[in-house]
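After this come two complexes, each holding chain A, first together with chain B and then together with chain C.
Right, the complex of A and B next:
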């Protein structure tokens, strides 16, 4: 069954909303900043793509947000932006709407604040508000409650394959007829803890540029954000972006897997040295694009690739990959501003355990 | 800083009342419903906040009900308990 993408809601290092994402795609630049970590012993600084959720107050009164943690705010903003983009926000209560969220780390900031309060102040003084926000499905629940969505509400976490897994859930709900629409979202926050873990694993890097298509080179920069898609069955869709043709997940993908070599392949390569060569082997001789330099490295990166692929299909043209001049494997990097020759765009993401996710979008 | 002022600062910080400044909180306004607009989850959070910041454990809910009427009542309750300790 084909699924239609009716609306896109994004917030990331590039800004808030499709218009700001498009602007970053055209300029090839994003807002990378330096974050300071206070819990690594010595003060540490790392480059990162942070997000600003201040536009959320356009949709939700500030007072109603006071108990909501940063992770859920990211999710809420992405959700409202997707509904606004689809033109259905004015409909009011979103009955028969399902909500499924993908996240690699979940609400790590508030979860560890809760554990800290537990450890530092004792179990009797552990914050009930922190606890409520640390529950795995809290962001999806906030979204469902605030939108009046009465369909299923769920959160999927499968680290780097969280996005394709959650998309499969969304497809299932729609094909079963359980809902008329699904708000699919991917959320990741760069909490103090994740920043600390990043430092421990990858060191405190300098202000280098991300070179995702240069294999064997470590250039990853952490990011955070949310990318949401409003999905519906094709036959019930109105004018939207494009269609979701297939979602494939598995392990040990072999070279030559690409069903249609003429399709544009968006790579989830994000500058992590250990995966660069794998992307190069799989994408050898394909026409590729890569946009991680605009939003950074995070488990839910493929959702941003999907948002960009949907925009390309809607507009019928390509966007240039930032730093596309640096590519050390035999692939053709799609030029920007050209007419999109293929009818389909596939997004490939690889995980550390040899897993893969391949999501294909088409003009329909 | 007296207990009332300290309490107002703690309430704003720990209950994320971002839109308020300490001087915006009326000493005698109800904490719940009209007034500061707190709710039942805030009541649970308040019990934790009082123990965490002042070392006072509120076990008797009837006692807590009176103390939670306003900032004035809560500050007086805290001062009484600290003096008796």
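Right, the complex of A and C next:
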């Protein structure tokens, strides 16, 4: 069954909404900022792609947001933007809407706040509000509550395979007729301790340039954000972006998996040294693009690739891959502003344990 | 859409009631339980709340306890199904695991060291990143099918089984290992105490004096198998997944909707997709946490949708095992269908006149072939699975 992408909602380092994402794609630049951390009491700064959720008040009264943490705010903003983009926000309660959320790390900020609450003041002072908000499905819950979505709701946490894995669930729900629409979203929050752990694992360079298509080099910059897609069955779709043809996940992907050499392959390579060579092998002889330099590295990066691929298919043209670094992949990097040679775009993401996710979108 | 039944050909579990399914069922039917204050960790909270811990279990140094519990149950389930590594290597096998803490990026020691202006060791976080419960099982057996860890709080295990059945029906895989795993630890222990929904004595599901839940830990896995593979190897089913339904209350982050609308929707979907007449349900393995709100809403819905159908909660034997609960309760349900009897709802002694009904108070035989297990969760999730008696 073909699934239609009816709306896109994004918030990331590039800004908020499809228009700002498109602007960043055309300019090839994004808003990288600095986050302040503590290293043994000493200040530590790292570059990062942060987000601004202030536009959420266009959809939800400020008062209703007062107990909602940053992770769920990101999810809510992505959700509302996708519904607005699809033109269905005014429909009221969404009783036949399913909610599927992907997140690698979950609500890490409020989780650490919960730990702080009893580390600082003893076990009896643990914060019930922080604990309740720290559950992985809190963003999905708030989205369902705010939208009146009484269909099924599920949250998937598969680290770097969270997005394709969750997308399989969304597709299945629509195929089985469990729901009429699925609000599929991916949410990641760059909390203080996630940032610190990132530094410890990957080192710090405040002027780091991301070189996603250069093997053997660590150049990743952490990011956060949310990317949502409103999905429906093709026969029930109105004008939207494109169609979701297939979602394949598994382990041990071999080269030669692309249906046609003309198909554009969007790579999830994000400057993590340990994955660069794997992407290079699988991209051999393909026409590729890579956009991680616009939103940074995070487990749910593939959702941003899907949003960009959907936009390319809607507009029928490519966007230039926004990185200035050297490419040593045995592949052709697609030029920007050209007509898409194929009606299909595939997005590839790789994870540890030889896992992969391959999502193919088409013009239909 | 009406679903075709999906065969369950193997089951395995580990919990405080026993380190395998046989021992666990023996505990249930002998009416024994032994919740005590935590042994594996300490708390400076003035009240020692009882918990259901798994004992005599060794966790590999590179894994979270949660994933080790899941792996332990997976091995038992695969053995039970008669699937060895050689045969598995020829099949497309998926893994679907529900959990709550299995992929939470939280470690108290790391956080304490960070706050105390020292250099935290990265070991705890690296262990979490290596221990995604579904990925651990897929890696151990080199499975290449779909792999998913579901984090829908306390309905995760039920949702994992329901989703894996869909994978089998859609042809996404030949065999699926589905279930749940969750360990007991200080963070969840303190968290649930902070919510004021834990009982300082052994839990009493559906009793008028119930005060809340006791936490537990468990791993529980089921082998779901396609008819093509099952026919090929002439394997009889221990049970069948007949139907699954889930719906969100869209009401509150931690409290069930007072009118039970989400649970009713989930039940309606499960009955419809399995083409099951509610009158055919022999018994219900209820969520039955022992919290005042859960038991009130659940019995009200059962009285309305399944009046007179015997029900029980097995959490009095295992504690609330969170992400594993739905899976271990599905396994107990299937095992009870095999045995033709259900255990007494331990902890219940005094009826609550405000509830819609009372659970069974002694081991009770039944004659039907279809039963139901349900889970209610934080986030307003409600999930229901309908199981049928197998061929064994």
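For this structure, a couple of remarks:
Please note the rule applied: the second predicted complex is superposed on the first by the 359 of 364 C-alpha atoms of A that agree within 3 Å, B and C clash if a C-alpha of one lies under 4 Å from a C-alpha of the other, contacts with A are read in each partner's own complex, and residues count from 1 in each chain.
Quick note on the criterion: a residue touches a chain if its C-beta (ideal position, glycine included) is under 8 Å from a C-beta of that chain, and two chains touch if they have at least 3 such contacts.
No experiment lies behind these values; they were computed from the predicted model shown.
Contacts of A:151 after superposition: chain C is touched, whereas chain B is not reached. Of the two partner chains placed by superposition, only chain B is touched by A:66; chain C is not.
More residues of chain A lie in touch with C than with the remaining chain of the pair chain B and chain C. With both structures placed on the common chain, the touch criterion links A:276 to neither chain B nor chain C. When the shared chain is aligned, chain B and chain C each come close enough to touch A:124.
Chain A uses residues 124, 126-128, 132 to touch chain B in one structure and chain C in the other. Those residues of chain C that touch chain A in the shared complex are 1, 43-46, 100, 103-106, 108, 110-112, 114-115, 117-120, 122, 125, 129, 132, 134-135, 138-139, 142-153, 159, 163, 166-167, 170, 172, 187, 190-196, 246-254, 261-262, 265, 269, 273, 377-381. Residue ranges of chain B in contact with chain A, taken from their complex: 15-19, 37, 41, 44-45, 48, 51-52, 57. Residues 38-41, 99, 105-106, 108, 111-112, 114-116, 118-120, 122-124, 126-128, 131-138, 140-142, 144-145, 147-159, 161, 165-166, 168-169, 172, 175-178, 193-194, 196-197, 200-201, 249-252, 352-353, 355 of chain A are the ones that touch chain C when the two sit in their complex. For chain A in complex with chain B, the residues that touch the partner chain are 62-63, 66-67, 121, 124-129, 132.
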